[in-house]
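Below, subunit A partners subunit B and then partners subunit C, in two separate complexes.
Now for the complex of A and B:
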């Protein structure tokens, strides 16, 4: 490529880069800066990460919920995407519509809908009681179970879409060839199809896990105030107790953990390939 | 609005506000907005108040967006909606008539974090802010408030205990025991009953923040209502632990109301204004007792270095202590007057929703702000800070 043309390209992306620098990178550095300067300069805020049991508990809750949500979402999303890749054009359109429909609904509406379904006098509990399957209503919401249900529901499209787009690129004849060479249906799936769909699985896992880390409304509503995840505690520190050093420290650790999980995954797979870059 | 909430969901869903926490002051606005929308109060209520107070001076400005102060102007910040009009008519008009200082009501919401950011950046545009005791305590520790000048503000026109060093009560409200009559075998009479899961089975709701809850815990532990303070924080959170499995925590006032509506709780420690709404919409099925209620106050704060000067702000606060003005606010928004002299002026049919009536006050506990300010002896935290941490820790354990 000519140097002059390359220079033109640089100029073309300059406004976008500038915008990012001013409105994204600079505030991000401010957050990092506050985390080591407020209330006193030093790493006091980060020491709290090690010393305070409350912060341990909140981080453990966050990680536990994220891992659970990610595992369930990716498995369920894989099943949906697989079905979508196999069915006819008409059904596929409908399935895609249904997946995207939940994506367009407000997260608040979805959370309240789950409350209405899962509460002690809700549809699920009264239904099970009418059928005589349970005598006492089950605790399905305002606890960690409810939070995971709500989060899996929210995340499902984020898992289905990358897995499905990856699956559309898999040559179906390869599975037929494996079958023709004597593989059982399960064997053909496990040895041929599953490895080919790995990039989709990995990108879905990253996407869901990273999104889950920062979740705020769903745990706040479905957790009944008893499932406190890191974002909610950042909000409390920032707006209620005005401990900005602590809030920015937590926000920074959230950022680092996202980068860390990406770095870990990058050791095993080519991230460029996963996200579709050449 | 804040840098942290922009994480992911906020960008997509602006309603995220509803899921968070709210102060009583903001909650009053939500309630009044709903009532206005449903036609339960109308703008004539305000007009009647106006007629009593004289015509609206031509210069009075009502701003719903953030206002910057001009010379000879005083910016009073509250939580917007109907509170903008109500505050203008209750407090703005009389002050302007008396002093000639133009009062601008700014409804953008005086979040503690915004006040701190303004003062830290030395770009203060607000003069008087409508916050709560909790926010006052947090802000005063941050050193971003002007000290209240009690030579201008009259200590006699408030409950003594609400005369904070950095805050003045502008109205009163209570944390009370609300319950659903149809779901309890008999009427609970106090916090001991609240803790009695055998006699009163079912879920309860308490607030995510300890303010107003610790007192209930202490009374449940057998402490006499008259000697709730000093609170033993460990004892109080220990009481929470006892019933925690049956507690659903509320963050905003509307959440506390929803929990009763959906039938998820049979009783709760909630604000009396929300209990009153529940009582109205359920035809009295949900009701409350003032017994062992915890009275607290909405607070006027003045940010350090406010543009109109501390003295003008103090004069405004002093002017707002007038019982007539507080009654206008009570009639429009339901905020109980802070000046005891206003109690006798409350209409008879509204006395049962005013926490400041002598008969209601007699059975309640006045919240002790000074205790919350005291050093806890742990990691340099005040009792307020330590109890917030332990409360959240216990709730989420």
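Now for the complex of A and C:
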């Protein structure tokens, strides 16, 4: 490519780069800075990570919910994406519409809708009681169950889209070839289709897990103060207990754990390939 | 790795897509150990027939018999047929060796136990040195050979080939035609081959089935099909042909005359396929026309002028305008060409009554 043309491209992305530097990178460094200077300089805030059982508990809750959410979302997303890749053009358009529909609704509305559905007098509990399947209402919100339900619902499109996009690139004849060579339908799936859809699975897993780690609104509403995840605790530290040092420390650890999980995945797969840079 | 060879029969096979018949009442006997080619243009139903045999397409009617056992409803993985797909369909995430191991793996053979067979199959297609490569690292011809090895390693009852050479360049295609034929000869497995390439069909097959609109148009050994096409379609599809239309004039035992304008030509055989207006259609192959500067001593001869010619190294192709027969195409070996190849020069075209053949105009 000619050098002068390349320079034009740099100018085109310059505003975005500038915006990122001023409003993203700079505050990020500030967060890192506060975490080692407030209230006193040093790594005192980080020592809390090791020493305070409350923070241990919050982190464990966060990880448990994230792992559970990611596992359920990716499996369910895989099933939806697989169905989308197999059906005809018309059904596919409708399925895609339904998947994206939840994207267009505000996360707040969705979380409240789940609260309405799952609360003690909600549709699910009254329905089950009417059917005589339960005598006492089940506790479906203000616990980890409710949080996971809401989060899976939110994350599902994030899993479906990369998996589906990967699946459209799989040559359908390969499965036929496997069948023709003697593989049962399940054998053809496990030996051929599943390995070929692995890049989509991995990028969906990363995407959902990273999103889940820092998730705020849904766990805050559906957890109802009973299930506290790390980002809710950060918010509390910032605005209620006004412990900025602790808040920025937690925010930084959140960032590091995202980077750490990416680094862990990168040991096993080529991330550039997964995210389409190669 | 020669398994027992099997025969296959199709009985009234049909496949409808809505009201459209992709395959229309096809019956066929494929003898054990033969190399049979299904030849036809796109949409003739040849691939649908192959996919029905493989088990990927469920026939709307009819039966498929393997050695008299009905396999019509058997799923593809239970048929034990080898198949080479168009575009090869190699598994991109497996090495060459693992691709070839695959059919054995799904039959419960461990990698260690399969090693000898995999090696044997690789040697069969002369690719032993590429076992650890991935398909994307191979050339088209090498991928083709891997697909063949994979389809043969489990000693299938039949080998099905769906346009296996269509993605290759001309020279490689010619080389692989030799290889396929010698492979067939060595293994003795029944090969069923689908192509739209008449040259491939002629060069390799024991028998060719020409399909048109889902029906069998004509079948036979390559030589018989080429020399005695039954219809205009076959004469045109298998090789090139000039078509002459004339009114039957005088019939003698074993031959007859037909007139085109005030010209009378002689044709061997009987004036069959006569149309309502008393005319017949005669197919004349370009290479059976004698080109001469003066009137040749053939029974049939017409004068004409060269309107175009192409030089192919080994042959000349001429387009010749004639007063009575319109444009005719004639080919001749270049090194014995008896006429001056220049546009506008006057030449003679001649042929014997047995050089051409009467065909059905359909």
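One rule holds for everything that comes next: the second predicted complex is superposed on the first by the 261 of 278 C-alpha atoms of A that agree within 3 Å, B and C clash if a C-alpha of one lies under 4 Å from a C-alpha of the other, contacts with A are read in each partner's own complex, and residues count from 1 in each chain.
What we mean here is this: a residue touches a chain if its C-beta (ideal position, glycine included) is under 8 Å from a C-beta of that chain, and two chains touch if they have at least 3 such contacts.
These numbers come from a predicted model, not from an experiment.
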Simultaneous placement of subunit C and subunit B on subunit A, clash or fit: fit
Which of subunit B and subunit C A:270 touches, first, second, both or neither: neither
First (subunit B), second (subunit C), both or neither touched by A:192: second
First, second, both or neither for A:247, with subunit B first and subunit C second: first
Residues of subunit A touched, compared between subunit B and subunit C (which is higher): B
CA minimum distance (subunit B, subunit C), superposed complexes, angstrom: 36
Common ground on subunit A, meaning residues reached by subunit C in one complex and by subunit B in the other: none
Residues of subunit A defined as touching subunit B within the complex: 27, 31, 53-54, 57-58, 61, 106-108, 111, 115-116, 119-121, 142, 211, 214-217, 220-221, 224-228, 231, 233-236, 238-242, 244, 247, 251, 254
Partner subunit A, residues of subunit B touching it in the complex: 2-5, 7-10, 12-13, 15-16, 18-21, 111-113, 116, 134, 138-139, 142, 203, 208-209, 244, 247-251, 262-264, 385, 388-389, 392-393, 395-397
Residues of subunit A defined as touching subunit C within the complex: 171, 173-174, 176-185, 187-188, 191-192, 195-196
List of subunit C residues in touch with subunit A within their complex: 54-56, 75-77, 80-83, 85, 87, 89, 91-93, 102-103, 105-107, 150-151, 154, 160
